[in-house]
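First chain A sits with chain B, and in the next complex the same chain sits with chain C.
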Partner chain A sequence: MAAAAPSITAPVQGGRSKSELIAFAIMVAFFVIAPNFIYPIFLMKALCFALFACAFNLLIGYVGLLSFGHALYFGWASYVSAYAAKSWGLPPELAILAGAATAGGLGIIAGALAIRRQGIYFAMITLALAQMMYFFAVQAPFTGGEDGIQAVPRGKLFGLINLADQTNMYFFVLSVFLLGFLLIYRIINSPFGEVLKAIRENEARAISLGYKTERYKLVAFVLSATLAGLAGATKAIVFQLASLTDVHWTMSGEVVLMTLLGGLGTIFGPVLGAFSIIAMQNYFAGFGQWVTVIQGVIFVFCVLLFRRGIIGEIANALKIRL
Partner chain B sequence: MFEIFGIPSQALFGQLLLGLINGSFYALLSLGLAVIFGMLNIINFTHGAQYMMGAFVAWFLLQHFGLGYWWSLVIVPIVVGFTGVVVERLFLQRLYKLDHLYGLLLTFGLALIIQGVFRNYFGSSGLPYQMPQSLTGGQNLGFMFLPNYRVWVIVFSLTICLTTWFVIERTRLGANLRAATENPTLVRAFGINVPRMITLTYGFGVGLAALAGVMAAPIYNVNPLMGADLIIVVFAVVVIGGMGSIMGAIVTGFTLGIVEGLTKVFFPEASNTVIFVIMAIVLLIRPAGLFGRTA
Partner chain C sequence: MKTTSLMAFAAAMLLSTAAHAQISDGVIKIGVMNDMSGTYADLAGPGSVLAARMAVEDFGAAAKGLKVEILGADHQNKPDIGSNVVRTWIDVDKVDVIVDVPTSSVALAVNEIVREKNKVFLISGAAASNLTGDKCSPNTVHWTYDTWALANGTGNAIVKTGGDSWFFLTADYAFGHALERDTEAVVLKNGGKVVGKVRHPFPGTDFSSFLLQAQTSKAKIIGLANAGADTTNAIKQASEFGIVAGGQNLAGLLVFLTDVHSLGLKTAQGLIFTEAWYWDMNDTNRAFAAKFSAANKGVHPSMVHAGVYSAVTHYLKAVADLKSDADGKAVVAKMKATPTDDKLMGKGEIRADGRKIHPMYLFEVKKPEESKKPWDYYKLRATIPADQAFRPLAEGKCPLVTN
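The block that comes next holds the complex of A and B.
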């Protein structure tokens, strides 16, 4: 039954990686000149979410696993990074690493539990575990409850570069993003990534070929969680704040939406999706709850009529890989 | 008054009762999810929002038409169930041939829309809903005070659950339903209108959620987000019980409600998380769920 249903992401046939290279060059060029005409804080926020969405996409797009609890890694990494920078006085790079490592550790536990079930159950389990950790964040003393961790120092990168300077901060965030992005690109184009895609297409067959699919799924899960944590930890340093918003299930829903809108299983889709959603939130910030309604409408629209997402549609129309 | 394990009986039985009440809602909601999943293969993320709609429609009927609780018990499930029928016809029907995850994403989007619209019109603070006159008051049992309304909720939801179980497992209609779950093509060949059956099943599941909403209205405030967190707990309940069995959903729902109530007495810090912890343990020991069958 499950095998008969078409996969959640239809792989685009053919094409060469030249299209990817051109798109990558355009993206990097845009980010380098963007701070000249777009508010850097907005760009940094969007970059953090873009990395978050790319990390999420690694699971849904290339392994076919829908995690509905990715706020767990994003949010907890931001707490740990904020706490490390503020209370332990760690430099930003170590604080961010501590956050990402925490996310990876949580990913091992949650992933090992969640991959015991497939499909819809997997989504429900990840959501439930994330909700559990949300309640921990509400109750644990170090997270600061409703206030969160405020006034986190940005500090000096490697003891040299002052991140309080907006331009320095921006290019640091851009570097983190590109690092994560290229790492994900490398993963999905490695032999390991090919096995992941095989699991997505037909897990039973991958097992019969001798692959220990559980192990592959767990490694992919932990990688995704760690990279989501990298995004969250960086965001905490940028905004000098870690709060309950980032661990709440609405955040898990938002990252799903970003990826879906941009295009599940495309390389550039999550980036564009994240920028679109963050721009939409900024633009409609004064409309209160209507933002939630619009997000819901985009969900429904994408699922019914626009399943390939923006980048997926473009790639399909041009018959290239993006 | 006496004490059990150093806990005053009043507190212990009070929390136990509250646990049973929550268990009633878990059972009704997970039952609806299981019925819908069985037929549509969709996890209905909108369930929490539909539960909330049930409470709001009851509030609306009382405010604007003067129709009280008893009328609401009948009218609300039909009205909200009908909105479910519309949703199924308009949206869900288009997804059956796709990956099941799309159903989850679509219903999540619908939940965001419904909750967002309600929050715009009613704000985030709750609206009070009067308890029906005939169910106010309570019995003093000596060791605890037993409010009549809570007894009613437990008895009534148990009745609804068992009736649903009976209809699905023991009647001809239920046999058709189960057959259509197993092999819709074959059942269609026998001249049974399976698409209509699917639509009505969704409407019924949604109606159950709305009924739970009506029952919850006098206990909790009527609030646009009352179903948002609840649905996640119910998901955990469904993972623990496994969606393969109707009775499993009912038993798991009530049991976990009681466990949660007891946790509130003995270890209050963990009361929010105990169900998720149990879920993790069950996944380690019996991944298919307590009543589940491995696919």
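The block that comes next holds the complex of A and C.
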């Protein structure tokens, strides 16, 4: 992972750079006006995946832990949120919180087991646990097996705002995304985040400095899982559907692809990566299963030509932080 | 596809003069969505788009002054991709009716979106009987077949013709369980008995130990409560174990013409199952099949294709009568009020719960020496009359009926 990690040193500890502020302003401005000319459902889907990729990036980009089972948190949060909204009749905000909390809980269990090992073993343990829960989702009666949970009501946000309205739903999803995004930004620029980066660069040295790295890694893991869950839970409300696709291991792979394409260890990279991949899936849908092949080719080119990812290469060329 | 449909849409906007003001945006847009490249690509796939096109041509839509356009899409058997496509179709491309949609999980998702957007959903490929049961919708018609009809048709006829002891080989997930449960109920009701059952992991590749259990159970019938590749793999392996040659019969609960074609008669012979339509039953069907296969690389139409043809025909009839396609509920109400009649599936009706009623047929796969021409695979064992072929209205618990 060390090779892929960007070698950008923070100019001011905990401070925000001007380039990040400008990029953030551009991003927010784009999202506010985008629904006027881009299909909102597509944007909402992309935003959910962008948050998912950002959560994943928190773990791989800043702690250097490659989890290959993030679909577990994404998918199970979407099941719980869909079930809570449909069968318990919870309002959307509580359903989403229930989903994110479930993902956090699963993150504690999976994280506590997985962080005892490094590298490939870590990835394999996360994958194994995710697959276990995948098969549980196939069999458990409340997930609806192959059918998934259908016809999830969008409901009224805080009992006031009707989410069946496309615009309301869009700005709700955008708020959730920005909330998650800013939280991640805060985390990586906090003293806690600095320790995470220290662990990424040299875990042995971090230990010798007196940090209990396992605890830091676990907290980062749980935060990442919870935020991935937040994304999955929101997606279930947007699409009114929770299905096996979201817990399948290919989803874990997709999020790796999004993060790598956009730029590992950059703040905006995963957002751009998620948008690129979702746009491909959406607009190339006519090619059917060829989409996967096209994705694979793009991935190969990405690894060969711009190893830092799109945003990573831009940041490197301009010598700024993004 | 995207650009042509957009251009057609723009053209339609310009042309939508007073003549067809009631047809929303001047064009009747039919969206055929199914599995275009995976397991179900042969039994539905591009063939369904072709069947819809043939229905539009035969209906003479152009001569009647109706402008019809057909879109196709691949849902890859994933509910989230399917629901995404349908939302885009309805919101952006202004599609008026969604057709086919095999794979019950996708159909159930589409069912809810179409209900919410008040469009029309004509199901040919999907099986789940919930679609006219607890999930029934005033915007949906379930056209060709369903799990209840398959279980009932196959179960009933087999027990009555002496196959009274059963062993189930079931895919271990919701669909398999439901199919097994429904068939078991039919078998028991007719005085048959179930001597054993075994659940195989889904998707399965190695069925040898399960098939050996089935063989030693001495059941006369081995019921395959699975679908797609699971069914064909199980049948292939059963043939290797000489199960049919040894006097036991396989009952496939969900088998299509294209499955038999890919298995080959040597492997598939003796298989008994229920279908709604077969191309070699009469001259009209044969003529349709000849035209269809010529345009479809020689692949003959399955019952799903025939269902698409029949459903689109009836839909166009209703829209032509109403002179409007804007209100999905009204179109479906009109379709229910008019008896169905088309050259492939004959006369029939659509029930209040959205179930299309027509006879079902029990077929047995021919022995290789009985087959006289390409695609000559089935012999008719029994006809299940229309009034017995589908689940009685009261048993479905459809809210449209009870309220």
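Just so we're on the same page, the second predicted complex is superposed on the first by the 306 of 322 C-alpha atoms of A that agree within 3 Å, B and C clash if a C-alpha of one lies under 4 Å from a C-alpha of the other, contacts with A are read in each partner's own complex, and residues count from 1 in each chain.
The rule is short, and it goes like this: a contact is a pair of C-beta atoms (placed from the backbone, for glycine too) under 8 Å apart; a residue touches a chain by one contact, two chains touch by 3 or more.
None of the values given here were measured: they were computed from a predicted structure.
J.: Which chain, chain B or chain C, is in touch with more residues of chain A?
T.: Result: the larger residue contact count on chain A belongs to B.
J.: If we overlay the two complexes on their shared chain A, which of chain B and chain C does A:Val297 touch? Say first, second, both or neither.
T.: Touch status of A:Val297: first partner only.
J.: Who does A:Ser224 touch here: chain B (first), chain C (second), both, or neither?
T.: neither
J.: When the two structures are overlaid on chain A, which partner does A:Thr259 contact: first (chain B), second (chain C), both, or neither?
T.: neither
J.: Classify the contacts of A:Gln139 with the two partner chains as first (chain B alone), second (chain C alone), both, or neither.
T.: both
J.: Figure out whether A:Gln289 sits in contact with chain B (first) or chain C (second), or with both, or with neither.
T.: A:Gln289 sits against chain B and chain C alike.
J.: After the superposition on A, what does A:Ser81 contact: first (chain B), second (chain C), both or neither?
T.: neither
J.: Would you mind listing the overlap between the chain B footprint and the chain C footprint on chain A?
T.: 138-139, 288-290
J.: What residues of chain B sit close enough to touch chain A in their complex?
T.: On the chain B side, the touching residues are 37, 41, 43, 91, 94-95, 97-102, 104-106, 108-117, 119-120, 229, 232-233, 235-236, 238-239, 269, 272-273, 276-277, 279-280, 283-284, 287-288, 295.
J.: Under the touch definition given earlier, write down the residues of chain A that touch chain B in their complex.
T.: Within the complex, chain A contacts chain B at residues 1-2, 5-8, 66, 68, 113-114, 116-121, 123-125, 127-129, 131-132, 135-136, 138-139, 249, 253, 256, 260, 288-293, 295-300, 302-304, 307.
J.: Along chain A, where are the residues that touch chain C in the complex?
T.: My answer: residues 39, 41-42, 45, 138-139, 144-148, 150-151, 239-241, 243, 245-246, 281-283, 285-286, 288-290.
J.: Can you check the complex and tell me which residues of chain C touch chain A?
T.: 1-2, 36-38, 73-74, 76, 78-81, 83-85, 87-88, 91-92, 104-105, 108-109, 111-112, 128, 135, 172-175, 202
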